[in-house]
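Just below is one structure, and these are the notes that go with it.
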Amino acid sequence: MKFSAYDRILFTGDSVTDAGRARPVGEGLHTGVGSGYVRVVESLLAAFYPELYLRVSNTGTSGNTSRDLAARWQTDVLDLKPDWLYVCIGVNDVWRQFDSPAITSSHVSLEEYEANLRTMLTSAKAATKGVTLMTPYYMEPLTADPMRARMDEYGAVCRRLAAELDLPLIDTQALFDAYFAHRHSSFVAWDRVHPNQTGCTLLARAILDEAGFDWAHRA
Amino acid sequence: MKFSAYDRILFTGDSVTDAGRARPVGEGLHTGVGSGYVRVVESLLAAFYPELYLRVSNTGTSGNTSRDLAARWQTDVLDLKPDWLYVCIGVNDVWRQFDSPAITSSHVSLEEYEANLRTMLTSAKAATKGVTLMTPYYMEPLTADPMRARMDEYGAVCRRLAAELDLPLIDTQALFDAYFAHRHSSFVAWDRVHPNQTGCTLLARAILDEAGFDWAHRA
Amino acid sequence: MKFSAYDRILFTGDSVTDAGRARPVGEGLHTGVGSGYVRVVESLLAAFYPELYLRVSNTGTSGNTSRDLAARWQTDVLDLKPDWLYVCIGVNDVWRQFDSPAITSSHVSLEEYEANLRTMLTSAKAATKGVTLMTPYYMEPLTADPMRARMDEYGAVCRRLAAELDLPLIDTQALFDAYFAHRHSSFVAWDRVHPNQTGCTLLARAILDEAGFDWAHRA
Amino acid sequence: MKFSAYDRILFTGDSVTDAGRARPVGEGLHTGVGSGYVRVVESLLAAFYPELYLRVSNTGTSGNTSRDLAARWQTDVLDLKPDWLYVCIGVNDVWRQFDSPAITSSHVSLEEYEANLRTMLTSAKAATKGVTLMTPYYMEPLTADPMRARMDEYGAVCRRLAAELDLPLIDTQALFDAYFAHRHSSFVAWDRVHPNQTGCTLLARAILDEAGFDWAHRA
Amino acid sequence: MKFSAYDRILFTGDSVTDAGRARPVGEGLHTGVGSGYVRVVESLLAAFYPELYLRVSNTGTSGNTSRDLAARWQTDVLDLKPDWLYVCIGVNDVWRQFDSPAITSSHVSLEEYEANLRTMLTSAKAATKGVTLMTPYYMEPLTADPMRARMDEYGAVCRRLAAELDLPLIDTQALFDAYFAHRHSSFVAWDRVHPNQTGCTLLARAILDEAGFDWAHRA
Amino acid sequence: MKFSAYDRILFTGDSVTDAGRARPVGEGLHTGVGSGYVRVVESLLAAFYPELYLRVSNTGTSGNTSRDLAARWQTDVLDLKPDWLYVCIGVNDVWRQFDSPAITSSHVSLEEYEANLRTMLTSAKAATKGVTLMTPYYMEPLTADPMRARMDEYGAVCRRLAAELDLPLIDTQALFDAYFAHRHSSFVAWDRVHPNQTGCTLLARAILDEAGFDWAHRA
Amino acid sequence: MKFSAYDRILFTGDSVTDAGRARPVGEGLHTGVGSGYVRVVESLLAAFYPELYLRVSNTGTSGNTSRDLAARWQTDVLDLKPDWLYVCIGVNDVWRQFDSPAITSSHVSLEEYEANLRTMLTSAKAATKGVTLMTPYYMEPLTADPMRARMDEYGAVCRRLAAELDLPLIDTQALFDAYFAHRHSSFVAWDRVHPNQTGCTLLARAILDEAGFDWAHRA
Amino acid sequence: MKFSAYDRILFTGDSVTDAGRARPVGEGLHTGVGSGYVRVVESLLAAFYPELYLRVSNTGTSGNTSRDLAARWQTDVLDLKPDWLYVCIGVNDVWRQFDSPAITSSHVSLEEYEANLRTMLTSAKAATKGVTLMTPYYMEPLTADPMRARMDEYGAVCRRLAAELDLPLIDTQALFDAYFAHRHSSFVAWDRVHPNQTGCTLLARAILDEAGFDWAHRA
């Protein structure tokens, strides 16, 4: 596994990451990391790898677009000096285009999204052991859905940037698509965005698989 | 318009109808009819036709399937002696098959659905001036979606029964499908089932259109 | 209809407009515009004209007199750059004279009311596609009532200013008077000021009628 | 004053009397009698006549019509064996005709009102030292108001019955009418039914005046 | 009565006066003056003298000693420009000596009390039509009680200052002492300081008697 | 000390004993015995005598008079089979005579008090290792106070019964009287009935002193 | 893995299993199974094996001893007709001996524990595809701790019964002991009984390992 | 006893001392000192020594380490000018090493602990009549427990510093160890840190024994 003892692993993004985390930084006792996928990651790491002492932190903020995240990047990411960073942003960049089509100032265009991401990822890459980019997703397997189609464009930006900057990528959309071969999206999330405990377990598994987590490891 | 002065118009069904109505019968002061489409119907009738005195009642109950509704049909529908009855049931008959696939006892099959509906509608038709059947719906325009596809089978039962029993039918699925030509479903409901105020207005408009409501009427 | 795609329509005034709107600006998801007549306007526009993308905003504030509104005019109206503006103010200018007669500093005289309105309307007219003035009202059909009589004086100011500034006017008092030919005021509001859902529907209908809303339009 | 030491004085009626009283019987410590006019009566009696030990009780129930009160007359009035009884009922008999015109089953006709009252008053007169009838009222001085006009018919029944049964009467409508020569109804109650502390003081003063309360008495 | 139309009557002091008043100034609608003796005064004035328009305000603050009140005298008394002022302070100056004997910094000595009062009263006398001083009290008729005895010393300061500055005085201690000839203190207050509705009525009666209130007046 | 290992010690009475105990029987984890003097007794016994395993239980009920306690004596005392019983009842028998003088049915006369106590104590004496009677008290050192004087009569009944039945007695009134030589009653209780933590410690100390508790014992 | 499609897997026990589950049966939407280890099991099964449709149910009840569980065995276990049953009971049988040593009636002896377990397990074995016994545990690695030592005796009963009845056993004590080689117990539970999310993950992993769960399985 | 009349006794530390104290300084009425051991000390002093007037204050703050306490030493200790000071700090310095091993910035090393303590104690010694140091503790009698072992190192620092600075020391660890000869730690605290009422009584007894409290004293 790529994490070493005492590494600090920081997750940031929007409400999917936030999930009720503590303020100003989500970590420590009493569900400090929130009750979302970050907690599943944290508990799996702690349960399977007690011999390591991995510090899991969370600065996701509900409602954030890439524009909002970029504005707090210095204090909520760089200043925390993470060893490893996970970024999952973009759902709200797209969602507002569909649930609030008339409030255009709340929309973040594909171009701005790419610019925001590039700036953030570049600065973080230079300051950490590794930055992993998680694509935004829409838990809708039918690509004919306009919001899914639009989300795919943002996901493509992630893939392009990950390649350009040589960053590992977690294709969350592909992950959920595969799952929907077996279950309907309403089994995992009622609004196709906020995963329940099963959806969080899927995300956590993908994150850990990418990190080289050994599921057969018994400390 | 088909309603006469002092007619009692009863709506029943599941959470879409319920919407926080008063107990035991939803009517009267202080949002007694709940805050869903029934309230939009009530306020449009009262605003446009103050010269009529139409009593709007609501016995929708959240979570109900057609099986649950059939079990309380006597007390919550027939005993109230409505002049006009609107029934919208079936969403949960289908939904549980997708969000709780392992709890099969909570699923209501197409056959049982039809039997439940036939029994309820037949008894109500004999006791009222008119029963209007509202199809269940899934606010998903893509018919390839499995839950949408399944819902269409239940909607087809409604259409068949309406024809068989000679009842007016409101095809709510067609109504929302038409709307999704312009807006994404997330604009009207985050979970594709519970309509927001705009979605409720669409349902109310369809109900009133069918009833011969004259939008140009100014009392 | 006079609204074009992506127009921003701003409503401002007192508690009748406020109705629990979001802060700092009432708009967007989750009843951001409050639960009053602005929401009825918003949902009717969205339901009947989905092909337009009209942004409805609300900066009404409970308890406001015209003096209070004038003090926040720049930030809560002009800075938001609305395309269309609706102003409904004056009820509290009068009400305080009757429910708090000894607290004279809370009363706004007819002269001050006119001055406040003229300043606000003049600046807004120059900055928008159109300003519609809604008269204050008292849901009391008997003009012998002293508060109704006083409110009529303030309503006359509105009519005079609308003519002077060539602004469309919605005579809400006349609207309710017509309604009270059929129903008692307690059917629409228990305190003769805050309309229930039926009263809000009456206001919304008048606003939309003035705007050229086509009730027969089916997108 | 007509009350003797240790007399039990019972007030009953609707929400005007109830005002949050304790259950099952409103009396005793900690605002047991509620926060309405009964409390003002209680505190004036206790402050001015501490040498008497008058027990003030309250069984008013919000929402009651004369029909509801008649149904609980035995347990909530006669069984308590009051020395003096005050009855104020009828507001809701009329109000429902105006705020809920379509729900006719909630209306109590003039004939039924008279029958209910006669039965209740006759039984109570035989069992107490004195029954005082308080007319229902509508805090609207303009008799052209239809609800006021209707309330006057119910008040006339009270006057006729008081004469017939030789009971003292408190004409609450006349009391408020006199007050409205000076103040607008909104100063005393926002909904023209539920009095604020000033309105409660007016009611209490009338009750005590009728009972021979000596305001110059200083124990 | 000494009050003229539109006079502003201000009450200030500690929790006995405060009683949950509105902030920053207690007055106006919805129990703005709190639920204590000030409200009883307000409602009696409004009920008996509707032809006057008396503005009743309250700036009592729970827990205040004369030291605390002196510190906010400018903003909470003088700046409000009252016509008539009522001051009731001193209970906490004494009480802390008995319930918190070791926290001597919370005690206000007789000398400081006198100095505080003299400063406050002098400035207020010059700026109003009249200042009425209400003595502090302890609802304990036995003067052998040490806290009662101590309170009497503070009351004596009030009497001396009232004479010195030629101010009307309400001897609240004498008022309650007279009452306790008939009732035990626990009937009026459980802690011998905070009066219930009956105790508030006694205070209000004394205030109004001093002001020349005519209880036989019927507007 | 008179308690042996595993003895069950039951306290019963009114709100002074109750103090928020668990239902149906106050004992066990998480402040099961309430937060009053019983908890102080329990914690002192557990801290000083850990080598004993004493079960402390509490069935005090707020508001109880001796009449109320007698009515639940079988289930709340005898059925619990205590080894040692402490009874403290009578405060409310007297209090209601002073705070609710007109509600005479809530008063318990001296004669009834004695009869209630005799019946209860006799049955309990036969069934336990020992019954200790605690006198009711009023935290008022001045015997001229009428409620104190009345309470002394009830206390005298306790002394007489304790002598007659040969039961140990804790004279709580004498205990508090001695304390008031040093501190004012408001230091221990604001209403002269419900002791704060210091007052509870005084009661607990007296109970333990009587039981032969050795304060110098260090396990 | 031993579970087949549509199998019902029931967990029962005390607060460790309960964890806020729904009533009467914990299952279905919205954290119906509670927020403890059962939820981790449920989400891992659903995430890794979506092609199976496993129904996870929970009837754990906080505070239960084996005596309490035996009393509700028919309704809360057998009547639910589970395919697979997991039982984790005994912690409270022991805990009460240490935190409530004087309340001996709350203790369950080793003999009674064994008898309760044998009765329950025998009946369940005959009615299911498999019963798995989970030992009680105390998250204390030092066997010199008296509660740990006592818990080991109860765990030994489990081992003996599992062998006697040929049931699979999950030795939770051994599981935690192994973990405490790396982390202190306070990392997993503050009271050594109720596991946090990491502790729950450890329990869930052990349950799934025993069931033949394939961690490398990717549907 | 070493305390003199009117001495101010200040307790400071972490959550064990805090226990819900008032802000900014915990003292005075209504459980100002919190509900922990400081309250037991306060009530025993007040009950046994009413002839003294000892002021007990509390500035413990939950979660504090010695680093946190040092940072607020001036305002929360020295500025309050206590006569006697009790310091109990260090539990969190150690606890975070075990419950949050990966968040190393929250750990306070033995060296820093000693430095923090020395600075604080030295300044306080010069400014008070006496400083008493209470060792940190872990309610675990088995010294093989790693957190207990680590805590012993911090306790040793306390002993060394107390000797060096000639300060009285309360060895809370020894106190609890002695108690655990009779009872299991779960009887006194579920998490081995926060004492229940019995644990608080043990701490208070030790504090008072050291201060020369005479348990036989009866004022």
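Per-chain numbering from 1; labels A, B, C, D, E, F, G and H assigned in written order.
The working rule: a contact is a pair of C-beta atoms (placed from the backbone, for glycine too) under 8 Å apart; a residue touches a chain by one contact, two chains touch by 3 or more.
These numbers come from a predicted model, not from an experiment.
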*asked:* According to the touch definition, list the chains common to the neighbour sets of chain D and chain G.
replied: B, F
*So which chains count as neighbours of both chain B and chain H?*
A, G
*Taking all residue numbers at the chain C to chain D contact, is the shared part over half or under half, that is, same or different?*
same
*Would you mind pulling out the distance in Å between where the CA atoms of chain C average out and where those of chain H do?*
63
*Using the average of all C-alpha atoms in each chain as its centre, how far is it in Å between chain E and chain H?*
44
*What positions in chain C touch 2 or more of the other chains?*
99-101, 183, 187
*So, with touch as defined above, which chain pairs make the list?*
A-B, A-C, A-G, A-H, B-C, B-D, B-G, C-D, C-E, D-E, D-F, E-F, E-H, F-G, F-H, G-H
*Quick one: which bits of chain B touch chain C in the complex? Just the residue numbers, please.*
31, 39-40, 42-44, 46-48, 50-51, 178-179, 181-183, 187, 196-198, 200-202, 205, 215-216, 219
_Taking the touch rule as given, give the residues of chain E at its contact with chain C in the complex, in rising order._
6, 8, 27-29, 53-56
*Going by the contact rule at the top, pick out the chain D residues touching chain C in the complex.*
95, 98-99, 101, 142, 144-147, 183-184, 186-187, 190-192
*Could you pull out which chain E residues touch chain H in their complex?*
99-104, 106
